[in-house]
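Each chain gets a letter, A, B, C and D, in the order it is written, and its residues are counted from 1.
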Amino acid sequence: MTLMSYLEAGKRALAEEMRRDPAVWALGEDLGRGGVFGQYKGLAEEFGPQRICDTPISEACIMGAAVGAALVGTRPVVEMRFSDFALCAIDELVNQAAKARYMFGGQGRVPLVVREPVGMWRSSAAQHSQSLEAWYAHIPGLVVVTPSTPADNYGLLKAAIRCDDPVVYMEHKDLWPLEGEVEADGEALPLGKARILRQGGDLTIVAWSGVLRTVRQAAEALAGTGVAAEVIDLRTLYPWDRETVLASAARTRRLLVVHEAVAIGGFGGEIAATAAEELGVRVKRLGAPRLPVAYAPPLEAQCRVSEAQIVAAARTLL
Amino acid sequence: MTLMSYLEAGKRALAEEMRRDPAVWALGEDLGRGGVFGQYKGLAEEFGPQRICDTPISEACIMGAAVGAALVGTRPVVEMRFSDFALCAIDELVNQAAKARYMFGGQGRVPLVVREPVGMWRSSAAQHSQSLEAWYAHIPGLVVVTPSTPADNYGLLKAAIRCDDPVVYMEHKDLWPLEGEVEADGEALPLGKARILRQGGDLTIVAWSGVLRTVRQAAEALAGTGVAAEVIDLRTLYPWDRETVLASAARTRRLLVVHEAVAIGGFGGEIAATAAEELGVRVKRLGAPRLPVAYAPPLEAQCRVSEAQIVAAARTLL
Amino acid sequence: MTRANIDVERLREHFRTMARIRAFEEAAEAGQKSGEIRGAVHLSVGQEAVASGICANLRRSDYLVSTHRVHGHTIAKGADVTAMMAELLGKAGGTCQGKGGSMHIADFSIGMLGANGVVGAGIPIAAGAAHAVKLRGGSEIVACFFGDGAVNRGPFLEGLNWARIYDLPILFICEDNGFAATTRTRSLTGGPGPAARAEALGIPARIVDGNAVEEVDAAAAERVTRIREGGGPQFILAQTYRLKGHTAHDPATYRPAAEVEEKQRRDPIELCRETLLLRGVPAAALAADEAAARVEIAAAVAAARAQPWGDESLAWRDVQDMGAPA
Amino acid sequence: MTRANIDVERLREHFRTMARIRAFEEAAEAGQKSGEIRGAVHLSVGQEAVASGICANLRRSDYLVSTHRVHGHTIAKGADVTAMMAELLGKAGGTCQGKGGSMHIADFSIGMLGANGVVGAGIPIAAGAAHAVKLRGGSEIVACFFGDGAVNRGPFLEGLNWARIYDLPILFICEDNGFAATTRTRSLTGGPGPAARAEALGIPARIVDGNAVEEVDAAAAERVTRIREGGGPQFILAQTYRLKGHTAHDPATYRPAAEVEEKQRRDPIELCRETLLLRGVPAAALAADEAAARVEIAAAVAAARAQPWGDESLAWRDVQDMGAPA
């Protein structure tokens, strides 16, 4: 086990997969100089400019070219810089990557990974702060992964690269410096498996990505008042781990879903509705209000799910 | 009252609004020859090629130009032909149209309507059959409207054009020929108001757009077996009429949401989760399986919500 | 420049290919009109010389990326017409098991990577395929067809720039049939046109008479040779005319009948026939070619018709492995 | 061609504008480094002549659409620097009430329709604004700035084509500062470059030395006159250099110090100073202009700093009327 950052863990995973499989390559803007967050630093030196491919500012073509390159047997890792810019390449992802295998009757596959860093970070305002994971979970053909720890960023990115389906891989920008133990030269983690971060019998809290830090704090606070919350990191949004979530909710009979994304139309609705359908348990969702993210810190804070909100929401279920 | 088709009703609404307000204009491909479904037929003759503006195949620019034109005081009606092609203009809709007013601190407004015909129609397969209304309902700044009758297409399109917010206006392709009574030179209908199509005390069924036809049939079938379903046409997805839906569900204690869109991550999750949160009622959702739409009729049929499915789903709630 | 000295057998082969495409599309048109073919069908009647002239210069291992107007390219690349017709009918034996229809025909066995329902979307995909070929040091080339309407979409610029900067083995073919659906493309295309745009992106462009199959063939031969020799991306603008409507449902009343009649006189099959007659091929031999094409297509239609629909379970397959729907 | 005979007062006005932009951005840089300004800040240090030269030819009623590198354009168009600085600090008195930050500065009172966080996204918006002007028979023109990196995005093609076919009153200014973030743009731009692309889309293009403010001014004057006379869209490629990093956080170590030093010698403010000295303006007068600019900006910073943060309720306003969040 080695202590490393979430950023470093992602880089390591990519480097190891590139060493393992010559079909893997990465493409995106500024990758040759390490990428916008430094998450590719040093890779061009090891793998050369062909496999760590600097691209023009052409998001549509980056994604579209990755589709073509995947159809003929390579495994592209596409860097979108901020998930917000991936909105310039939605046709390529949703109409092409996600559907090609199906439309063509299984003749081709599109084993690409698109890395789309999400979330609020350093007062970036409405065009650099979005969390649109719910969109992709709604699209047949796509896998959606949202790692929250260095170990997960390592193991899940490996799994995403090995996956034969197109994967939307959403790192959280606020997690880049987060440190944690990672097993170097370790294994890929299974996609589609949630992890129970904390056990408890009073209510189940499901969350993913950056907001988990706040959720853990809230769970601590609840514990301080004698409420034992079970906290589940969903890790993969599609396919989501219904078994783990429903088993927990069946025990606690109370389910709170928390996400950084806008609450209305967010993936919390899917999970809450499923639990209500399947178990008839009491459910509640927390997410951002339906606001664009503002720039000024006190305004931006309105979009951030707080520990106090989580504790309060949990209490309404008790 | 005049009998007219859903298509004709939309055309009439647009023509009347263009007569009323010189700032209204329409832009899109082939509009000068009536548009791809004929829903603009004759308008270029009345309003001239400036206000019924033929555009190149440049979806991104059609939407982006509409944003600019709206910011300086006109009211563009954008035609996207098939909602699937709007995926070529997502940055322009989601990062620009939806956020400009907010990001600029209220200095500008973007009163545009984007018409995005949705749904399965004439074996059109995976790139011409999508229903992605849930995406837009998740985006702060956007209004989402899904008319299901000629009268609604008339009254809601008028309201959408008069609305000062950007509106995603989703007509269903299968409804173009549907006939119904429309009050000519009539009023705009209020946005955000659902309509109870049929009263009943045993369960509440919420639906919208094309699938309502099937829902009505299912409600008939249920009535035949002594089950009185209350059927609600949501009409506007954002803002959705929580009052009407929750009041009905509070009475019946059973809520079924049905949509043509993929069930997982669909807007049904939002409604079901809300009802479960607010009322603790029994909920169920029905939508398409998480499949791209296939071409061959028996395969495509797998994506179509059937009367039998609705009846069966309703029964599980009773 | 027409290559009047084209080998007669080669020209005759073009005639046969064009006749087969024509016969296929006439059958498709009939199927659409009868309702047997439900999804949209875009006919390339009048544009067959482009498909035949270009694809005659491709190897089976080369890749092809096409558009919604896909039949000609795919037949010329060597696809099985029965499987294609079955696809239009939505049968399980179709090239795509009936999941795609005309707008999504693909045949990976001959390097045909797909039609596309989204105008211009094939361009980046083709660039990416060529990119992958270069990455793995392959010798294949990619032929990427698109229409004159597609040059007004962003992916045209992004894809051509991409091909240029990475110096990819790709031939872009802009098939200028004068229309984008009901619109005269020229009226909404700024500047001198597609070839000038390609040149401004650094890609050598050549304009050819797209109705003269020997001219298309010659231009393609030259450009394909350059590409195979490492000359990087090339561009051909083939000027032609869409003799039918945009879809098989479209009567195309937005253009004068006289214009169509005039263009009909430059039907590429007729132009080819004239040259072959001049070169001594008997009229009867050509008529026999056409009859053979019709027989072949009629048999394809019959065989496709006889095929079963796909089982419902087919709808659930090939979506994705991870989280496969159930 | 430099217009050595530019009016001295006009040139002096450019000097003052450039000095104000420089002072503003130096303050912004300091604010970013200290952490007081949290969001990304993109400096146009070294590019001030483009902003000043172009905007001097615009009227208050004309429209301006900008990019993430927005300060110079906006100051040159006449925006209040205190409100701009307050925006960078996120204060309620900012141009956008603190909702946008540097990347979303807008000032509709002077026709400034917004910076943009998405590269190239301003181009269609600008085309649409010009389209609306034409629709209502207005006499305003639109100035649309973008970087050399933006010419590789699809909206560049779509937006320029749009302006051409509808013959819109718009001036496109491509500010070629050599870089797109850490990338040398030229290395990923196929063909002869932005001006050739504009010409291929039918838009007359002119290339100018973007560090010589009198040259930019002269070119803009000529092009703006053409546009006002109904000549349709025009294009200026201004060649300049980004003296600082991509953002104020970027040390730009990916380029040799010698290159930057050499470019520093062509700092547009220094070039302008030289000309003014030659034309007899005393050095002290220019130093006084710069000092005045610094004083003005220092006062703006102090005033902006003193402003309160917005009330939380501000976050909930101006999202939408229909379905306003509550």
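Note that a contact is a pair of C-beta atoms (placed from the backbone, for glycine too) under 8 Å apart; a residue touches a chain by one contact, two chains touch by 3 or more.
The shown structure was predicted, so the numbers you read here are calculated from the model rather than taken from an experiment.
Taking subunit C out of the picture, touching still joins the other chains into one piece.
When chain centres are defined as mean Cα coordinates, C lies farthest from subunit D. If you average the Cα atoms of subunit C and of subunit D, the two centres end up 45 Å apart. A straight line joining the Cα centres of subunit B and subunit C is 36 Å long. Taking each chain's centre as the average of its CA atoms, subunit A and subunit C sit 40 Å apart. Residues of subunit B in contact with at least two other chains: 55-56, 58, 60, 84-85, 88, 91, 95, 102-103, 125-127, 140-141, 238, 290-292, 294. Residues of subunit D in contact with at least two other chains: 94, 96-100, 104, 116-118, 152-155, 158, 161, 165, 187-189, 319, 323, 325. If each chain is drawn as a node and touching chains are joined, the picture has every node linked to every other.
In the complex of the two chains, the subunit C residues touching subunit A come out as 63, 65, 94-100, 104, 106-109, 113-114, 116-118, 121, 123-133, 135-136, 154-155, 158-159, 161-162, 165, 317-323, 325. By the touch criterion stated above, subunit A contacts subunit D in their complex at residues 29-30, 32-33, 36, 54-60, 84-85, 88, 122-128, 289-292, 294-303. Interface residues of subunit D, counted against subunit A in their complex, comprise 38-40, 87, 90-92, 94, 96-101, 103-104, 116-120, 149-150, 152-154, 180-183, 185, 187-189, 254, 309-310, 312, 314-316, 319, 323, 325.
Those residues of subunit B lying in contact with subunit A across their complex are 84-85, 87-88, 90-91, 94-95, 98-99, 102-103, 125-127, 132, 134-135, 137-141, 238, 261-262, 264-270, 272-277, 280, 282-285, 290-292, 294. Residue ranges of subunit B in contact with subunit D, taken from their complex: 23, 25, 50-51, 55-56, 58, 60-61, 63-74, 76, 91-92, 95-96, 100-108, 140-143, 163-167, 191-192, 238-239.
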